[in-house]
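Some structures are shown below for you to check.
Shared chain: subunit A. Partners: subunit B in the first complex, subunit C in the second.
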Partner chain A sequence: MKKTREKTELSELTTGEKDNFVKNVLVTASSVSGMKTALEISRLGLKITLLEKETELQDNHADIVDQGTVEIRNSLLQKIEKDKNINVVSPASIIKIEGTAGNFSVKIKKDNDVFFQKYGAVVIAGQNLTETVPVFLNFHNTGIMSQQKLGRLLGDSPHTVSPVIRKAKTIAFVFNDSGENSRKLTMSGLKYTCLLKKNTNCEVYVFISHLIVDSGGMEKLYREARVLGVIFIKYNENYKIISNKNGSIGIAAKDIFLDADIELFCDILVIGEKFIPCIQEDGLKTGYDTEGFYQDANVYLYPVSSRRRGIYFVGECRGDQDMMRTNVDVLNAALNSYELLSGFDIHSGGNVKVESEKCKVCLTCIRVCPHQAIRLVPFSDPAQQEAKNVAGIFPEACYDCGACSAMCPAKAIDFEFKRAPLNEYSDEQILKEIECLKQDDLPVFCCAESAFLAAERAVEINLYYSPRVKIIRVPCIGRVDLIHLFKAFEQKVPGVLLAGCPEQACTHLEGNIRAKDRVKYARELLKGMGIGEERLGIVFIGPDMAHRFVREISEMLERCST
Partner chain B sequence: MIVAERKPFEEIWNMISHYNRILVLGCGTCVTICWAGGEKEVGILASQLKIAGEKNNELIITESVPERQCEIEMIQELKDKEGNIDAILSMGCGAGVQTVAGIFTDIPVFPALNTTFLGMPEAEGLWVEMCSACGDCYLAYTGGICPVTRCGKGLLNGPCGGTRKGGKCEIDPEKDCAWVLIYRRLEKLSMLDLMEQYREPKNYRAVKRPGIIRATAR
Partner chain C sequence: MKKKVLVIGAGIAGISAALELAKCDFYVYLLEKNASIGGWVSSFTCKAHDKCTKCSVCVAKRKIREVLVHPDISILTNSTLKQCHGEIGHFDVEIEQNPMHTDQELQEQKLAVHAIIPAIGFELFDVKQYGRLGYGRYRGVLTGFDLEKTMLENGNLHFPVNNTHAPSIAFIQCAGSRNDNNNYCSRVCCKYAMRFALLIKHLNPAVSVTIFFIDIQNAGKGFAPVYEECVGSIQFIRGIPVEVIENPGKRLEVRYENIAQGNVKRDVFDFIILSAGIVPRPGTWDLARKLGINLDEYGFFGTTGTFNSNDTNVKGIFTAGSCQGPKDIPDTIAHGIAAAERIVEVFAK
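This part shows the complex of A and B:
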């Protein structure tokens, strides 16, 4: 409630932002997801440029996705041709994206030309950033093949089945080699097993570690496969590819239900391919997940947001996505770009300011800002004669995390509130709160998005914690400066605790990790002064973990009071 | 730029603990940029001193950060303003400490930093050494990569023959072999003939210690 109110109040400040926003959206590339996004955005009344790397619009994934894709694609192509809002540019690709939400300056390469173009939002879609490779390319002619190859050999009717398949008596599948569940591979795999059963006489076995059938129509396909006589074997963690004296290929694994090691020899072994990201030169500065796909692994970004406001990811560039999920992405990306460019996106950032006179142009803040909201801008002091560039924060991209403020070695960045609720995040205010600490108090710097809510919740449900605990709200624990920690120790407090979001769930992406590093360094400094490391603590707490919060602060109190 | 690192607190405390009125003096140029002696670091050190000296009632810590510590005029101005102080803890590089000591002649000036090298930031918080200020620059012959500094052995006619797999240095497998970098760069510039030229032993005393440069009016 409170947050909603604050946000509504803040919205008054951000309206007007849209007036200087460019009302064009750049969508790349023209995969099915890209085309769908373009059409969706056009429906909302914005102009779109659709970039395609190849000479004409296409989709290389047709083999793996539903059979309907070819038709879907053709109908999309027709619609796009007719749509007046959509302008297709090909072959072209993005080199880098400068600027901030509403005013991106995109460097585009078309043929041999390189030029800059202004866009309000950018949607990165589809598979030109993803490609599929058979995992076992070097097992030529051994009877191992990828799903794509099987699909081609199988065709879609009994008459199209190639002799290679017709000869086989036993066919085994491993849907997904990498262990992570892939809905796309599961979907196509199930489809192929059914086709095999219908159009040939072979035995079909499927080795699965975990089968998830939560996408549209999957459950039905799975049942059909069972009815047709496909045998599913649930194995434990790893399988091995084996061969016998006759050169037959096989698979060995531990069956979970039989609790026994089993071996199965087959004529053809179908192994799901791996999806690999294909990000070449990346001028997006938007981060990747652990597998190298677009979008950092962070819950706050799901489904389509990136660390830069106004850049969205859709479909396969986010990893191995099936159609159903892609469709959700498409709608989200379209709506997000629309909200952004028409001023409905309530953005509560931009309350952080650089004091130009103090800036030493060390570029630390530019490197640190998780949202790419800082750039060099001409010095704003009119008295200054010579042209000099200093760091400048772009409010439309900034999320008020305060990371830059904590890192600036010249102390040139601080919160400068337009409005009351953010008052408390300024250096002056935080230091004031610290000065009020008494000798026995335990100051706990709480992230406003997680630990602070947990603390509030604790009060609501009557969880008791010591009155010695003094909660200091910060926008993110990445905002807590070393000097704040030391000033607290100057007040002779027994200890200091930082409480922020859990890993990969930090509202400001890496604020918690930065805070962790800072605590490590501060402990070293404290050790030199004879202050034990147990007196400076850091914990990671979700907004709903009231019990955990109370437990952690009680433990901390105990630890540092003895 | 000049890169420096803060000394451990114990060492600083040993130098300064028997003084009462201490000025912690930062520098707003190189050492601010390398996170060693700017306004923020001055604040942290001052706070540390206050905590460590909490039993000393007479302890007064003041803080100041001139734009550049290695400028006589700037330090003179500071001296005219400063009240009574017993000692100065300088967070400038070695040049800064000595400039300050030359002006505050009546009180001791202590270094709080170790001045380490001339370098550049490779990423956030990561500085690497680039130049040893040898006074006789070779970069024209080495594709803009300094062998004096970045070759583990400082070879002028490299590589040494011990280069590891993947172009790493024999002395430190973590570091790139400077001569591999030089070769690759010259190759790209089609200037590989430079690799074949023999370089005479270098005059390491091109600048006699202490170095002085007297520039004429321009």
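This part shows the complex of A and C:
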């Protein structure tokens, strides 16, 4: 029953023209970054709904980095209350986001209610989507505490220091240096060491392997800490937590500079937390990075875009961002939403069409589209009695990668060849180019964003490559389907090469990986036809790599000429 | 009539801001003191081996291509700002354009703009000041920037063929950063060193790569896999060498302190790459004076407001990019767009 209701909701959505774009932006969750985003977008003249998971607007990380953020938060709260463009809904959360840029239909849960609401753009601005977890949970009352707890016991003035801390003679820190996301916690750790030195009389030691100091004045803070007398011990490999007969806790590590094992006993051992995402429910379909935070680790999406046009990420939900960076994210997301909904974001995609009559409703295309641009839409086939739902591409979300076209088993999807420059990517045109191949030619399918630029640069800087190489430009090597490959071999060419973006830098996220899988599959088929697998190649080449391009094609020529 | 904005400096920061403003119906004058645009990035190369190492050069170059053809952005090369008066909404600026050919005269142009974005970028620390590291004296000692250029032009570094030694290269980090004068971290050099280390190893598997460092800066979205790959294949040595000299075999001998053993260690390499730090451009002070904006303690453009890194003390002037402090390309682009937002916000109806 519930399913069918969702379906009707879905089909109700209409193809969006710019004028039909909903001028409302949904911002969630309402941490400092969320509140700032809402205010910023309001200044640009759009209406905002601010979703808050808890009953009241709050910010659960305010204490980590800067005590000052509490005041900032309070002043933001006041401004939000006064702002007529902002509507706060709490406690509520997003269940999923259907639809495409300009016309999202967001399923929202409020109290026990679940309902759909339309928004033009969605900004996910959640500190609430992250957590700092203590690395050691089972060390209660042993003198080990998390950095956050120390921060609370310490306060920010000499008078707020808790007696627990005041009693301690030696305090040792182990900073978390888990890599990618350790900036913010290192910064707060450094601040705490300085505060300890200023407000108490204890000895402070810091154990660390790599100290992150690359932004936010951290190098200066590191200096300040050393001047105040904090002792930094840099270790190799790992540290161990130890204890002695008296029950004191300590830490053992190998000091790199002294090349000696160091043991240090202390009254309080502070262990830096790990900064992790806490995304429980995900109806966003926008992908994650390698650490599990929102937003794929793909340079084309930075700073705030996601694989779905119209959904933006701000601040900590996309990784460890300090306040400066978060603020820059806020401005980026605000401008992007504004551009999208004011029709300034000129979108070049949407030139791929489904021939509804041919669609067998296998849903392959819906599954492969990296940008979530395909949904089922009602279609009444004149040849058939009843109306049915078929795949439909929403131009405002499509980026013309051609992945759907290559994967559709019914060959129902193609680039619209009426529009002049784009007919280049239509099946008709690609097949024509293949038909023109001569027996000795090496066709190289080049991604327009990477390998094709490398090939152009090769010509520019006068690198020689064989005239037998025939370059066929495609929007993404994910566009090249099996038919193209076999048609090429039918022309008796010695080999076929696909050249796309380096792994994890595909402009269409996974087009190059799909192509790689397809090549693997095609090689099996070719083997069956007596064609050696070395004759079908795939390489990953960055846009500047003219030399590499020339080397790869020469090697390929050599390989298949023998 | 379109609102007009003057962007000073056509590096990736200025370009990002200009593109965004032009999108939002502004007309942009993009001022560049050199003959070509793009700033440092235009001489950088993609640093992917088979996997992308997230250097973002491709994204920056795509923006450069875009800005060249945008109808609402007028690019004024060989030009600098001569004077500036006024306030937000109506700045009167005078532009000086150097002639392309020596027989032509210096051209001056007066423009009226609504807002200004200074985005003049950074300068590399002059590593010749560290004479003992041999830059400028030995051919094999390069800066990170020289390496970028060489790799872009030649696609590889050509190691001398030698039967007695395996070819090798070392990176020396923090040349001109994190010291008493510049007590900040340049942010980009650890990462590009690691990216190049992987790329060079990929192109020349026989080469051994060493990185001398103080702390490796491996934070930043998407960098964890790159760092992990480095840990397996690259030698990391903590400590900055004291001296580089050429040995009789024309190879470069690096001397560094081994504190544990209390002696000096020596290693021999074919190339030494100095990760020269990021410092303010010499012109920063002059431009700040003309615009009436403040500098920070290091000589970068200063900003006002809590956690805001675009607003200057003059209303209507917003800084963008690495002229405000060291930034990598993604941060620079984001900062440029943020500066554009500050302007759109003021003038949007």
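FYI, the second predicted complex is superposed on the first by the 519 of 562 C-alpha atoms of A that agree within 3 Å, B and C clash if a C-alpha of one lies under 4 Å from a C-alpha of the other, contacts with A are read in each partner's own complex, and residues count from 1 in each chain.
Keep in mind that, in the parts below, a contact is a pair of C-beta atoms (placed from the backbone, for glycine too) under 8 Å apart; a residue touches a chain by one contact, two chains touch by 3 or more.
Predicted, not measured: the structure shown is a model, and the values here were computed from it.
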Room on subunit A for both subunit B and subunit C (clash or fit): fit
Subunit B versus subunit C as contact partner of A:158, first or second or both or neither: neither
First, second, both or neither for A:292, with subunit B first and subunit C second: neither
Subunit B versus subunit C as contact partner of A:411, first or second or both or neither: first
Which of subunit B and subunit C A:229 touches, first, second, both or neither: neither
First (subunit B), second (subunit C), both or neither touched by A:378: neither
Which of subunit B and subunit C A:487 touches, first, second, both or neither: first
Touching partner for A:210 - first (subunit B), second (subunit C), both, neither: second
Touched partner set for A:283, first subunit B, second subunit C, both or neither: neither
Subunit B versus subunit C, judged by how many residues of subunit A each one touches: C
Closest approach of subunit C to subunit B (Cα atoms, Å): 25
Overlap of subunit C and subunit B interfaces on subunit A (superposed complexes): none
Interface residues, subunit B side, partner subunit A - complex: 8-10, 13, 28-29, 32-33, 35, 38-41, 43-44, 47-48, 50-52, 54, 121, 123-124
Residues of subunit A touching subunit B in the complex: 358, 360, 362-364, 367-368, 408-411, 481-483, 486-487, 489-490, 492, 525, 528-531
Subunit C residues touching subunit A - in the complex, by the definition given at the top: 20, 23-25, 44-52, 54-59, 61-62, 152-156, 178, 183-185, 187, 190, 215-225, 227, 238-239, 259-261, 306-310, 330-331, 333-335, 337-338, 340-342, 344-345, 348-349
For the subunit A and subunit C complex, residues of the former touching the latter: 40, 43-45, 68, 72, 179-183, 210-215, 217-220, 223, 234, 256-260, 289-291, 293, 295, 297-300, 302-304, 318-320, 323-329, 331-332, 334-335, 338-339, 342, 344-346, 449-450, 461, 501-505, 540, 542-548, 551
